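The structure under discussion is supplied below as structure tokens; questions concerning it will follow.
Chain lettering (A, B and C) follows the sequence in which the chains are written, and residue indices restart at 1 in each chain.
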Amino acid sequence: MSSDKLTLKQRFDRWMIKHGRVLVIGIPYFWLFLFFLVPFLIVLKISFSMAEYAQPPYSALFAWIDEGVTITLNFGNYLFLLSDSLYATAYLNSIRIAAISTVITLLIGYPMAYGIARARGSMRSVLLMLVILPFWTSFLIRVYAWIGILDREGLINAFLLWTGIISEPLIMRQTEFAVYVGIVYTYLPFMILPLYSTLEKMDISLIEAALDLGCKPWQAFVKVTLPLSLPGILAGSLLVFIPAVGEFVIPELLGGPNTLMIGRTLWNEFFANRDWPIASAVAIAMLVFLVVPIMWFQHIQTKQEEGQQ
Amino acid sequence: MLVPEAVLDRAHEDVHKTQPWNNPDAVPYIRFENVTKKFGDFYAVDDVSLDIYRHELFALLGGSGCGKTTLLRMLAGFEEPTSGKIYIDGVDMDGVPAYERPTNMMFQSYALFPHMSVEQNVAFGLVQDGVSRSEIRELVAEMLGLVQMSKFAKRKPHQLSGGQRQRVALARSLIKRPKVLLLDEPLGALDKKLREQTQFELVNIQEKVGTTFVMVTHDQEEAMTMASRIAVMNEGVINQIGTPFELYEYPNSRYTANFLGQVNLIEGVLVDDDEKYAVIKSDEAGCEIYIDHAVQGHEGMTFWAAIRPERLRLTKEAPEDTKYNCVSGKVEEIGYLGGISTYHVRLASGKRIKVTEPNSTRQIEPRYTWEDSVWVSWEAGAASVLNQ
Amino acid sequence: MSGKRSTFLISALAFGFAFLYVPILLVIIYSFNEGKLVTVWSGFSTKWYVSLFNNDGMIDAAWNSLRIGVMSATLALALGTPAGLVMSRFGRFKGRTLFSGMIAAPLVMPEVITGLSLLLLFVTLEQIVGWPAGRGISTITIAHSTFCAAYVAVVVQSRLSGMDISVEEAAMDLGAKPGKIFFVITLPMILPALLAGWLLSFTLSLDDLVIASFVAGPGSTTLPMKVFSSVRLGVSPEINALATLIILAVSILIVIASIMILRSERMRNRTANASDI
């Protein structure tokens, strides 16, 4: 069918198919570009400007001087981050707390995911549902629930005092311990789900083969199950670790005034001190820390997606 | 030319109608012209030229990854050739999208729309063409009758068995009366018994509707039962095209000979080539092979004699004339299959020869047992001579 | 499987689920407590529910949140569905890596960063083009639909990847054009995923505190913002009552949705298995 014999409608259809593709890609692309990527560039820009008492409260980066554009890069914010040990402490604290929480979440989540993956058909979907359900209920309320439990006048203390094990209430809320509990509690489903999906896909006869060839159950686990579930462990750990580093609500509600975490620092710079440039610099520094794990996470996602296709 | 003249001679006038490929004046219905398809650096289809004629049931046969499915998908319009041209009924298909091509496809997975009833599935193609409602109803009823699925018109695909879904898929792809029906492993999802039964049904339906069928399969038995002609494919190229008879009796390469049925390949060199006969001396088998037609080649060239196991004769005594086409060895393996028995005979040179014999009479005990010394012999016309 | 091992697994599951559910149960139980103290049970009462419904600030905030949730989820669906389609069906194109990055990154991006960056974008846009004039429900909706779209895209993409592509090819082969194929074949088949994606977006939006706090303006206080300001001061029985209501609503919604999804899933599996018959 040579092109001059095409009807007008056919031509229109082919044009639509050729350009419709661009349209389907273009709309979400443009949206994500404008509302996800561009904002980071703006944060970067503002992190180089100075705080001012103005609306908005920062100095302009570009200025017209003598009919030319001058760019005043101000590294002061970053120097300030370096000079004040508060920020370094907050960063290190965040990474430490996030890492420890991730390990605890893995230790609790792995046996659960394994148990669910090995459960029988209908039981499996019920258990899976039970893991997902809390994830759908309000995050804030789940954190809030722990206030009532860990508080000085909370349920654990009341119970322990009643049994007579302790005579003085334990200080649990407003400690780092409470932050661990909060993070593990809220992020547990994020660990279990990717673990479950790799464990569920795993052929059980692989373990049987290992047992058949003389492995003890724990050896079969260490030599077969564990290496095969590594992608799930990685995905789950990153899903917990990355957001936990920037967590604000949990340290704010459960942690003490000394539990410095970077998300909280950013929040305070922004809302309490109204220092937008410093808040931006804090955000950029946090991103620099997180870029590697985020890229890693994306890499795993892409690999998984290619595996499915 | 390794095929004897007598076979080629059969291509005379009165077979032109039933065998258009033997008629130099026949116009091909589907034409692949030097078609190549590359995926990255990988040649899925490499410079394939192929003519298919009207009313044929043409099979593309080969192992997985040989390019047969890619060839079919290019015909359907799901893949564009990297280079080369495809014509259907004289029309260049370049740039014609799948939904405008005069082809319809029956998918390996059947690809029935799970959210539509049998009726709606079958009607789908007509709805796209804006056919009137009453006409659709009529055509769908007729088509469901043809595939004997009228009773199940209101069912959803998940309420059907595999065989029933296969019929629905067939009805759906035939209803638009395509110029060409493409079938991707049409019987691959059915079990063995159902498959054999359905093979003939498909052929009958094809004869009834007269549509040209192009089928992809990896199953040589299926291809041989159903197809008018078969193209044997390997690594993106077509090794041989021919009727099932031609391919089995006159393979042109060791690949085709091996792919269709079983074969003993005996390597040797040409020692005598006359107008009427040829002799190949095989060190591998330890014998001389007499061929009853000329072989085009010079003396000293390497050839392979391909002999089907059922064309070999097994005897305990030496045949009268042991000069040609005759070797001796020991029975090494026996496979008793009821109707036939297969024997593996180990020759003095170490080569193994496979022989099958029909068990046409009832025996008190097996004719041969392990370690029996036997002679294997064959007729002068039994071997095909291959040079590749 | 050895008995010892399954005992271990069962106790791990029991411990894990207790850990997940006991705090929620306690919140529910104490929402019916007469007294104000969490520790002391002073009798059954529904008075906190009454006082919750008389709390106008709370009701207004809930109304704001619901509106934002519905709008964001719908917008996220409209943006995320084509994004998921592009990721699983469009093959390679220029900028695909960036595109898949912009879909994966919001899933793990710390909320404080997303919130701050979007606020700065809105402020900058207002300076340059005068829009959005001030911040409020519309800016929160944009912010929420952006990160929810990423979730929808992932859900849709994984559903499409598991779907036999030849069903769509069959439709094209029978004469349907790509646009029509999407609406007549693809959309009905991924409907459960779309429903799940919408619900997920709706809950994420309803749940978000941090991003909303950054991009909210006067008069657009959402429920989490309201809850947060009152929770900061400690436990309040009114919040317990609110939590109970939210948990109840979510549970009902999820159970209904799961049953619907399970049913269609089962249908799909039966389709896949029927070839064995």
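We take it that a residue touches a chain if its C-beta (ideal position, glycine included) is under 8 Å from a C-beta of that chain, and two chains touch if they have at least 3 such contacts.
These numbers were taken from a predicted model, which means no experiment stands behind them.
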Graph class of chain-chain contacts, one of line, ring, star, complete, other: complete
Chain whose Cα centroid lies at the greatest distance from that of chain A: B
Centre distance in Å when chain A and chain C are each reduced to the mean of their C-alpha atoms: 15
Centre-of-Cα separation between chain C and chain B, whole angstrom: 55
Numbers and ranges of chain C residues touching at least 2 other chains: 177
Where chain B touches two or more other chains, by residue: 97, 100
Residues within chain A bordering two or more other chains: 17
Complex contacts: residues of chain B adjacent to chain A: 91-93, 95-97, 100
Interfacial residue positions of chain C with respect to chain A in the complex: 1-2, 5, 8-10, 12-13, 15-17, 19-21, 23-24, 26-27, 30, 37-40, 79-80, 82-83, 85-88, 90, 93, 95, 98-114, 116-118, 120-121, 123-124, 127, 142-143, 146-147, 149-150, 153, 157-158, 161-162, 177-179, 199, 203, 206-207, 209-210, 213-214, 224, 227-228, 231-232, 234-235, 239-240, 242-243, 246-247, 250-251, 254, 258, 262
Residue ranges of chain A touching chain B (in the complex, touch as defined): 1-3, 10, 14, 17
In the complex, chain A residues that touch chain C: 13, 16-17, 20-21, 24-25, 27-29, 31-40, 42-43, 46, 56, 108-109, 111-112, 114-116, 118, 125, 127, 129-134, 136-142, 144-149, 151, 153-155, 157-158, 185, 188, 217, 238-239, 242-243, 245-249, 252-253, 263, 266-267, 270-271, 276, 279-280, 283, 286-287, 290, 293-294, 297-298, 301-302, 305, 308-309
Partner chain B, residues of chain C touching it in the complex: 164, 166-167, 169-177, 180, 185, 188-189, 267-268, 270-271, 274-277
